[in-house]
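Each chain gets a letter, A, B, C and D, in the order it is written, and its residues are counted from 1.
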Amino acid sequence: MTDTLATATLAAPKRNSGTFGHVLYVLRENPVTALAFGMFAFLIGSAILGPSLVPYDPLATDSAIALQPPSLAHWFGTDNLGRDVFSRVIVATRLDLIISVAAVSISFVVGSVLGSLAGYRGGWTDVILNRCLDTIMAFPLFVLAMGIVAALGNSVANIIYATAIINVPFYARLVRAEVNIRREAGFTLAAKLAGNSDARVLAMHIFPNALPPMMVQVSLNLGWAILNAAGLSFIGLGVRPPTPEWGIMVAEGANFIISGEWWLALFPGLWLMLAVFTFNLMGDGLRDIVDPRRRT
Amino acid sequence: MNGRGTAILMRIAQAVPVILGVVIISFVLTRALPGDPAVQFAGLTATPESIEQTRVKLGLDRPLPEQFFLYVGQLLQGDLGQSVSTGRPVAAELAARLPASLELTLVALIVSCSIAIPLGVLAATRPGSWIDQLCRLFVTAGVSLPTFFTGIVLIYVFYYLLGIAPSPLGRLDFVYLDPPHVTGFFLIDAALDGDWETWTGAARQLVLPATTLALFTMAPIARMTRAAMLSALSADYIRTARAAGLGAGKVLYGYAFRNALLPVVTTLGMVFSFALGANVLVEKVFAWPGIGSYAVEALVVSDYAAVQGFVLAMALLFVLLNLMIDLAYSAIDPRFGTAAK
Amino acid sequence: AGDTLVVVNGQTVNSLDLHRTGTNRASYEIAINCYDRLARFGTKPTEDGGVSFDYSKIEPELAESWEISDDGLTITFKLKPDALFQDGTPVTAHDVKWSFDRAVSVGGFPTTQMQAGGFVRPDQFEAVDDATFVVKLDKPSKLSLPDLAVPVPFVINSKLAKENATEADPWAMEYLHQNTIGSGAYKVSRWDNGQQVVYERFDGWVGGPLPAIRRIIRREVPSSATQRALVERGDVQIAFGIPDKDAAELAEMLKVDSTPIANCVHALCLNTKFEPFTDPNVRKAIAWALPYEDIFKTAAYGRGAPLWGGETEITDTAWPRKSPYSTDIEKAKELMAASAYPDGFEVPLSIALDLAGWMEPAALLIQEAVGKLGIKTEIEKIPGANWRTASLVEKRLAFHLENFAGWLDTPDYYFFWAYQDGHLFNSSNYVNPEIEMLTNETLHMAMDDPEYAPKIKRMFEIVLDELPRIPLYQPALNVAINGADGYQFWFHRQLDVRTLDRAES
Amino acid sequence: MLSVQDLNVSFRTRRGEVNAVKGISFELAKGERLGIVGESGSGKSVTSYALMRILDAGGTIKTGEAVYDGVDLRRANEAAMKDIRGREISMIFQNPRAALNPIRKVGHQIEDVLVRHARATRADAKAKAVEALEAVKINDAAARYEAYPFELSGGMCQRIVIAIALACDPKLLIADEPTTGLDITTQKAVMDLVDDLVRARGMSSILITHDLGLASQYCDRIVVMKDGVIVEDGKPADLFTQPKHPYTNKLVDATPRRGASIRSLLPQDQRTPLAPRSIGNAAMLEVLNLTKTYDGKSGPVHAVKGVSFSIRSGESVGLVGESGCGKSTTSSMIVRLLDISSGNILYKGEDIAAIPSAGFARNPLRGKIQMVFQDATDSLNPRHSARQSIAEPLRRLCGLKGAAVDERVEELADLTGLPPHLLDRFPHQLSGGQKARVGIARAIAPDPDLLILDEPTASLDVSIQAVVLNLLADLRARLGMSYLFVSHDLNVVRLLCDHVVVMKGGSIVEAGPVEKVMDDPQDAYTRELLSAAPQAPSRKAA
């Protein structure tokens, strides 16, 4: 307490270092979380730098070296067109992260807005929204995504929209519940007394408190979005060839497993798993980071 | 009428707009599919005339609103239409395939629950310990694998390399005959028939696909069990029970677990409908004659009636499932349907 | 069991009746194995020791003999006297008439296919008596008799069919969809939609030598990896229609039959509606730029037959034939530079989702190759139903892969479908008045007509110069066999189970 | 019977070891009623949990002895402890509703204990359970056997908890704040019941509470705890008349009682004279015939039925009544968070009830009527630091920006006695009293004329309550605000208010100057309220 007194005058920098310190603290506290964030940093790194670091052009074919097992020259082997699997796996990171992050961002935003309104206004708004969400949920979600992509065409953007749409109910529900329990909370009333309009109360006071549980959902969904894209690829509705994408690579490589060319599916599969795994494990850490109550 | 009954009736009433919404969306979605079913079904060497004939035959020459009202009219009479690609009534098709999907999904969920729930309880009783972390890593790893990938790897290892598993040829190897149809669930039908050889055959076929699905569904169940157990264990009534000298088993299972079951049941419902969706991929890998693979085929060839029928069936199943969850809930939680809940 | 054979197939049988609207190709197998036609094609050995159908030989099946009138307008069939339907009733000319009437009346694919042989109206068919059946043609055609040997004009037990017909359904479509009522070598004893078809031998068959196997189970296994595992482990005897790659690899362990598919060309189509493709230099530049060898190796794993690097001079009427083009990127670049688009252009390259197995690797290699000419492509994968609409009916795909195969194995028949204006498989929108004329002239012309060969050669010259479709290779139908014998390749690309036998292993 | 010697309990936490109980010793004789008093966090509950060996994970008894009837509670094995719990020593807790398994019939919960301790067999369990219910004087015991906790009121739940605790005739009952959260009238009933039962059965009891008044009324002996240490041990009367330890002294002072003035709650050295204040003549706020009807699930709920009263400028009005009588509803309507059903609220003659509550945030009068909430924790946004919370109304209502905001926030912190270095903390990093100060600072930030205080001290320790009450009194004098003070505790109301309004079931039953109502209550309900409040022995000349 004495050292906080000493630094109290430097309010602004202290707040920053407080956030940073808090992140460090969260990471140090749980080794699994730290591991997850480490892996996440690695994935981000390969998404940003990967394309300029990989040893081969991920699109260059060479039938002379098709289907070679992993070797020093080709760490993850080569595929049926003689493309370097390692380069493709690394380059694919960017697209896969973009798909999952974009899809989750859209559903986060849309779900938050809908859920907040329904949770805050209650009444008919709530009833109607709930029925709409039920309707989406009543579809087997993967099939709905398939239908949307089949109807709109299989571009990256459409895959993102489809994934986003099927995720919206989860966010909307969650936000609705979180907003609803805080609708009558003391600090909500206090915020109104402080002259905040309803919209402001909702946006600045109630909604941010729904963030911690949402972070867990975000992390689960990030992984799920990648799996979803991979599933779409498996039934042929994924991104367009020759764009490297993990799901497509696994899906196509899967046909080669029985014939002994295991590396085609295994390495992208491992990376895919690594990414989903990372996202899923990050959830608790993310929640702790956005939750000020975890600060000490 | 008591609160519980009213609450359940309310839930059923709420399902009506949902079903209506599903009917509309599935209709619009199928019509939005690119590709002309008349072309698809006119056959190989179609001429413009034969395509036009096919179109008239399928009723696709009429304006969309008329098609919709015809469809709804048929639905109200319980007619889901004909699947053009299989030429059979969609209802018959679904009736034949739904049990296959349900059997697989249910077995997978039973396997998954019988592993995930104890794991969750174990983790909750030792939060932060290495067991807790190990459980977390294990179930997360399961959910991180694309199901089709897991499926193929399992086939490769257990069928192709080791030769332990039976050939991945659907519900029953061809040396067996299907058990007489009672429920459509082979395990049940074979047991009713007393034909344990077929039963074993069917069970063996189930092992790999069910494992694939189970691996995928364990994470949410284990996670929820752990969280619910943790919050139940820290509740005041647990302290009361302990202070009254109740045994550890009674406290853990009689008090904490039954309370923790409530959110777990809700999660189970979600996982179930989720697993039915994931089935689409698993069925494809294991040549499982279920409704998921049927839907994929139908979607790809723009078989409107089949897609609509499938979606509707799933929606009804979803509604039914929620109803069952509500029933389970009301059986566990006396507060259900009262002001307290 | 020794008298049972198991076959796996990736395709699903969706009807037992070929005539029904919506029946898919895989279901033709039922018509072949469970029904008889009046005649059928003979067989011949293939180069690598297999057996293939022989278009030049037509043999009796239900008919004992036939006579063609001198003007070529009347064909009179005599039926085999001892021919029986599977329910024991004798096969009569009335049954044939009813069946043919059905084929030309129900519309859709069967009717179109009948038209190819000149059979358009029911009044062309006449049952003179129980054993004599007469077909009258509007004009003589060399395609008529062969067209009666394709799966479509199969003979149905009309008595039984009529018993199950209704006012709304005079052709008993519903009943035949679920039941086989023919005189064929096998009957379907069990059909689990989406799972399996079980064939049971009909011992009263007179259409040919009695099959050796009593029961054949046809299992549907969508995953090719699973198919391969099954046949490799010997749990099934035949894996039908496996991917080229598996075929290439399994060939080292098992018997794999990879007969090039008759009258079939995997081609790259250049749509003439797309501006740059009207420039002959562009088309030729592309043809010279394609990496044929690589495509053949990676898309087909060397299965099938190459269709590039042929002689410039055309001396015979063999079809499919090698084009005079091969990979020569320098030449391609020169041509491109000489064209109106020296800097290239952008065009989507479309492929079918269902056929991605070969189309995708081919498309990727093509994309890379034409990229060197400055042609930028984006690969567009189009799902099933839409593919036919977009490519064949609307013909709106600028640059795409295509794989038409003609059942009737003559070049003119191929040209009729693939190069004539407005015809279904002419997805390039190709129009050439001379081709129109030549095709019409040769289509029904007897092949030994002295005018036939020169005209055909002229047609070859034109299309290989104008290149609306650039031939890539002739694909093969791959069948892996582990413990069975007697497999024959058929133009319809379905499994004829009648000749199968168990092999000593 | 129970002897505790030098007991040390510590917890392993993320930030190292926490010593919650530091070497306490006390004895308890058979039939004795012991009270443990101390402010929040002083280690009262931990002591009792340690005796029962039901400490949370991470908690251990480090050193010391606790011997019950010859059994060493620290070293006894788990099986032995299970037999002791419930049969020898049992416990009741605060928040009775949460202390019962929500999805098990209360009768079965009693049976579980009976069967566990072999007091009943499956066959006679039900009869025994009903017997236990009858023992706690619950109405219609046989029917209650089938009830679930949610079907019972808080008082009834507490009776069930007591029935569970006493089902197996234990020798010692530990009651950990058994009445917090209960209405003042229910509190008295429950405490009387426990006391009767304990006396009738000749049991010993330990009552844990922070309410010195309550402890002195129901205990033979009281130990005072502070920061894990026992600072004083004695008879209630002695404690009040001759407190030895300064902490006890402070505690005794802070306990509201008859005749004490607001300043006398504070320690001697802080009793500065109250600044004078003036009360205007005209009514600043007039509430006329105010009603509120909610649409409940089973018909309309008449929460407030035609309430009228007025507040003059500078005057403080108390609003008292038991839980659910409509106090909060009335104050919400006045503060314009809730739309009225009918009536008028005249603020300086203007009918503010006519302005819909949804749009009142933009009304210039918004800053004039402010409120301090009951639960300080709940009323602070957990994501906002104290500074942000206090600055909010300054930015929104006063239009201050930049440095001016910080300046004013620090001024307000100073005014409410909040150390400036705490301003950048989040609510969970502040103590209850500090949170109350933040709440008050925020409410007075826009310079209101009327401050509505909805039980602002209900969740605070007495000593902090004393400080907060005095702070409110000082602020009132300095800033000339009027208060509407909502409470169920007449003793507290009396300290701060000039006028009091007593509500019951949505209507006013009595109103008048505070002395008059307290000394000469006219209404039976007011008298009941007055008598239910525990009375500490008055502090005579020390």
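In the analysis below, contacts are C-beta pairs under 8 Å (C-beta built on N, C-alpha and C of every residue); 3 or more make two chains touch, one makes a residue touch a chain.
Composition by chain, UniProt nomenclature: A, B = Peptide ABC transporter permease; D = ABC transporter ATP-binding protein.
Here the structure is a predicted model, which is why all the values come from computation and not from measurement.
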(request) Could you see whether B-D or A-B has the larger number of C-beta contact pairs? (result) A-B
(message) On a C-alpha centroid basis, what's the spacing between chain B and chain D, in Å?
(response) 50
(message) Could you work out how far the Cα centre of chain A sits from that of chain B, in whole Å?
(response) 24
(message) I'd like to verify one number: the distance from the centre of chain B to the centre of chain C, where each centre is the average of its C-alpha atoms, in whole angstrom.
(response) 40
(message) Can you work out the whole-Å distance between the CA centroids of chain A and chain C?
(response) 47
(request) For chain A, jot down the residues that touch at least 2 other chains. (result) 150, 236, 254, 257-258
(message) Please output the residue numbers of chain D that touch at least 2 other chains, ranges allowed.
(response) none
(request) Any chance you could list the residues of chain B touching two or more other chains? (result) 33-34, 152, 155-156, 160, 284, 300
(request) Sort out which chains touch which and give me every pair. (result) A-B, A-C, A-D, B-C, B-D
(request) Under the touch definition given earlier, write down the residues of chain B that touch chain A in their complex. (result) 14-15, 17-19, 21-22, 25, 29-30, 32-34, 133, 136-137, 140-141, 143-149, 152-153, 155-156, 160, 219, 273-274, 276-278, 280-281, 284, 292, 295-296, 299-300, 307, 310-311, 314-315, 318-319
(request) Under the touch definition given earlier, write down the residues of chain D that touch chain A in their complex. (result) 14-15, 332, 335, 337, 358, 361-362, 366-367, 370-371, 373-375, 378-383, 387, 389, 392-393, 396-397, 420-421, 423-424, 426, 428-429, 439, 442-443, 445-446
(message) For a test of understanding, state which residues of chain B touch chain D in their complex under the given definition.
(response) 127, 235-237, 239-247, 250, 254-255, 258-259, 262, 332-335, 338-340
(request) In the complex, go through chain B and note every residue touching chain C. (result) 33-37, 39-51, 53-54, 57-58, 84-88, 93, 96-97, 152, 155-156, 159-160, 163, 167-171, 174, 178, 284-287, 289, 293-294, 297, 300-302
(message) For the complex, give me every residue of chain C touching chain A.
(response) 223-226, 228-229, 232, 243, 245-246, 249, 291, 293-294, 297-298, 353, 356, 360-361, 363-365, 367-368, 378-381, 383
